[in-house]
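What follows are several structures.
Next come two complexes, and both contain chain A; in the first it sits with chain B, in the second with chain C.
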Partner chain A sequence: MISQKTVRLSFYIFLLLLLIIPFITNEYLLWMVNTMLVYTLVTLGFNILIGNLGQLVFANTAFFGIGAYTTAILMVYTGVPYFIGIIASALTGGLAGFLASVTALRGIRLYYLAIITLAFGELMRWVYLHGDKVTKGSDGLLMPHSSFLGIPLDSEVPKFFVFLLLTILVIKATSNLMKSKIGRAIVAIRENEATTASLGIPTANYIILAFVWSGAVVGIAGAMFAVLTERVLPESFGLTEVIVHFGMVLVGGTGSIIGSVIGAITLTALPEYFRQFPGLDELFFGIIIVVILLFLPKGLVSLLWYVSPAFKERYYKE
Partner chain B sequence: MEPLLELQGLTIDFSGLRALSNITFNSNAGEVCAVIGPNGAGKTTLFNAISGYVPSKNGSISFKGEPIQGLSPHEISIKGIRRTFQNGGLFPEMTALENVLTGLHVHIKSSFFGTIMGLGEARDAEREGLARSRRLLKLMDLDDIADQPAKDLSGGQQRMLEIVRTLATEPPLLLLDEPVVGLSPPMRERMMEIIRRLAGEEGIGIMLIEHVIDLVMSGSDTIIVLSSGELIAKGPPVEIRQNHEVLEAYLGHS
Partner chain C sequence: MFLQLTLSGLSQGAIYALIGLSLTVVYRATTIVNFGHGDFVMAGAFVVYVLVIYLGIPYFFAAILALIILFILGLGVSRGFIDPIKSGPHIGFAMMSISLGYVLRGVARALWGREVFPMPKVFDMEPIFWDDIVITGDVIFITGIVVIFLIVFFLIFYKTTIGTIIQAVYQSERGASLIGVNVQIFHQYMWGVGLAMGALGGILISPISLLHPDLGATFLIRGFAAMTLGGFGSLFGAVIGGLLLGVAEQNFGFYINSALIDITAYLVIVAVLVIKPAGLFGKRITVRV
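And now, the complex of A and B:
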């Protein structure tokens, strides 16, 4: 068995290795890596509600779209710097999370919660399509040239470094949160809500917090997505998209931060790879998901548990 | 001495059905008070009412002289009444250690901002909680299974763990819903010994629901007998043993 120390050391080496990616890839591959970084945060945020809180909340495309449109609208109409756009997207994403939490707080759970939150996503798509005075409807909103703290984001290389920084910061903050009394309270609610309250934990507050944090994380992913695609379209936030997000959570591993990263990377890379088999690509993609979930119901992250127990999600820090 | 818990004329209705009727009694610190009665007598409903899980219509509940009626379960828990659940209330996927840590939630004082940023104050508060959880597990000989998920523990270990978690914040009043159910006779004895020690040495008030009459008779200071939602007797074990009404209602003969 590999010790926790070795795992931590290899993790830092992995981070350093990431920095050389732009120098060994072309523009296309780097675009894919950047997409993976966006989807890492999409999955990370989604996983908090699905895996940690254990609620079937499918408002993820709403959070994602609201984040993307917030940055796009602010930058197009008010000319604010991208940095401010990211913060605003986190705030509006968090606000959307808060609104979505009202359903769960009213005791709506399981399939009912799933369908209501799905409707929230579709409702937002309607807003993007019909609020065309601001959103430009189905044509989408073309992003202006953006820069991050003075670095112009005009190619994939600077985008990569900015996205990597954002992703690492958000993962670290989320990890700190989940390995604290806050993260434990959220998981405890999933495990047994009545008992959680009997330990003096105000469950309603933690349900709201999980929703708001999830919304904010996915909102930031939306702000990254706006810069990645350079045009924000309503079609990017449809029903199929939320199914892909859900697939990333399940394939990676529910309730696992490392799982979120693995899920996002796998389900971004596979469809791109299968594009070389036109007509069969969706079939291959579907089969791969079925096979993974059939043999690894806890997601790809469970393979790492054989390497070292340090990869198992713990809700405290030594 | 002021009673720890005071119930006055407590009445609970479930959509027209009377579950508890005019219940009045006191419970004191350092006392083991057993609640017995046939199935459906209202024992768990009584615990649910005290801990805020079911709203009570009439009557009053006071804890340390302060009314607690209408408070939510988590507010009552913070006031110092903690309970266990009949069907096991552990968090199955969390380890034993994480279960106890979650029990210490209100004791771990860390700010939201400090936690996200990983600041020293939040880290220290968490570390202190972790050390205390490990100490508590060791005290009950559960330190070997600290990293095991709660669902993988034996029935006895699960019951012990639930009590450790409930006790983590040193509550003045503990409500135990069938603490020895599913345990072997020697484990039952051990559990009762621990309960007696908590009341006698730590001065914790303990109320417990139990069906094993021998344990109740030997282990408790006071017994409350419920039958069809009414309190039919209250007193020390010797008195209850000879109470005709109790024998008739509970044991089916006189």
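And now, the complex of A and C:
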């Protein structure tokens, strides 16, 4: 039996091992690792709403796109440093989360919520496409050269370190939040909203908080995505994208932070390999999720639970 | 011009109504919204294409055969993929239907690449000119078939024993199972019926819209909008919602801005759910404690 302490130690060793990645990979592989880091945050943010709050909220591409466009627009038109862009993206993402939470607070649940949030995402994409004057429409916004606190982000290596730092910070913050009273309240709302409210827990506040936090996390991911791709296009935030995000949450494990990381890595790496054959990436994506749903409903992270229960997150009770 | 737009809107709306209705049939029976429905719509059209072009079966029989194939597919989906995860959360159903749709789309794309196929014209007819209104053969064909289908559907639903059984299960699954209805089999049949109806929509629209693996995506949202507008879960509402949506799309597109055609459905969804979540004919949403 592996103890909690060993697991904790192995996490830190794992983090240290991550630091040597840039020295053993080429530019293309490192680009994929960076993509994985971006999607880790995307999945993490999405998982708060899908897994912890237990609501079908498909506004994730809206948060992602708003984050990316905020950074891009600010940097292109006002020339602010990237650092400010990230903060602004977190704020606008959080604001978008707040807007989306209004629907949930009006008693819209389940499929109604799924459909209205899907509509929100698609309406945002329409705004990017038709707001030509600012967003340059379907041509996309070309990002200027950016630097993070003096480090020029001109190749994949510095991007990797900056992204890794951001990802670890956000994961740690989210993990702490979810372990706190707030996180437990959010999971309680998932289990039974009426009971939670009857215990004197202000459910509406916690629902808003979950939405805002999710929006902010995905907004930061959007800011990273803008720098990663160097051109922000409306097509990156379409309907299929939100489904990929949903798949990452499910494959990794709903409501699990480790699961978010695993899901993002798996579903970034494998479809990339299949992309060379048209159609096979979709086929593969569909099949892997069907298999996970049928045989591993808790996601890939539940395989780790067999190794040691220490991997089970403390705040997430079945 | 308004009449012309309304007319073409109605024939578009007929398809939306059909897809909204087919989503509702499954939703009312199983409380599952099929997020992969668009891809089954696409699959119906592709099956007809294969049967007509590769096997040389006449269009009419190919369409009937395609509906039967999709019906059987629906039985299989319900039995093989939905039943095993019944005890899980609703999120699983949503993802299951999406990923089954992905598999279908992947198959279509792997086999036929990224090309676009013209479906053979079925109903070649000189357009009718009446005053300044032009009525094309396609409009008559689509609207006619949908109207006939809807009449048959609602007659079965309200006038026959089968319809009474369906209504009974819609009202109370438990009650129906107590009087001897096999609810599990019923769910499978309703999946079959739902997919076949969606496929009919795909078969009807494909001669106009061309055939490609992403055909279904636009129709899924239109179907959702039709359902939401008419009232989620209301059969009649889905039909009216679909027709209204079709008319609204064409008129908004012409009188305001052509870019609006793409997002009318989304605007309708947001407006309805924010202003009157129950839609036109739906029951009020109540939270059960």
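Here, the second predicted complex is superposed on the first by the 309 of 318 C-alpha atoms of A that agree within 3 Å, B and C clash if a C-alpha of one lies under 4 Å from a C-alpha of the other, contacts with A are read in each partner's own complex, and residues count from 1 in each chain.
Just so we're on the same page, contacts are C-beta pairs under 8 Å (C-beta built on N, C-alpha and C of every residue); 3 or more make two chains touch, one makes a residue touch a chain.
Predicted model only: the values in this text are computed from it and were never measured.
In the superposition on chain A, A:W126 contacts chain C only, with no contact to chain B. In the superposition on chain A, A:I24 makes contact with neither chain B nor chain C. Taking chain B and chain C in turn and counting the residues of chain A each one touches, the greater count comes from C.
In the superposed pair of complexes, A:I243 makes contact with chain C only, with no contact to chain B. By the touch criterion stated above, A:L16 is placed in contact with neither chain B nor chain C. Once chain A of one complex is fitted onto chain A of the other, the partner contacts of A:R109 are limited to chain C, with no touch recorded for chain B. Judged by the touch definition given at the top, the superposed model places A:L56 against chain C, while chain B stays out of reach.
Shared-chain residue A:L149: touches no atom of chain B or chain C.
Shared-chain residue A:P278: touches chain C; no touch with chain B.
In the overlay built on the shared chain, the residue A:P297 is in contact with chain C alone; chain B does not reach it.
Judged by the document's definition of touching, chain A residues 194 lie at the interface with chain B and also at the interface with chain C.
Of all the residues in chain B, the ones that touch chain A in their complex are 51, 53, 72-74, 77-78, 82-83, 85, 89-95, 97-98, 101-106, 108, 110, 112, 115-118, 122-123, 126, 129-130, 165, 169. The part of chain C that touches chain A in the complex is made up of residues 27, 33, 35, 81, 84-85, 88-92, 94-96, 98-111, 113-114, 213, 217, 221, 224, 228, 232, 259, 262-263, 265-267, 269-270, 273-274, 277, 285, 287, 289. Within the complex, the chain A residues that touch chain C are 50, 54, 56, 103, 106-112, 114-116, 118-120, 122-123, 126, 130, 193-194, 239, 243, 246-247, 250, 254, 277-287, 289-290, 293-294, 297.
Residues of chain A that touch chain B in their complex: 172-173, 176-177, 180-182, 184-185, 187-188, 191-192, 194-203, 314-318.
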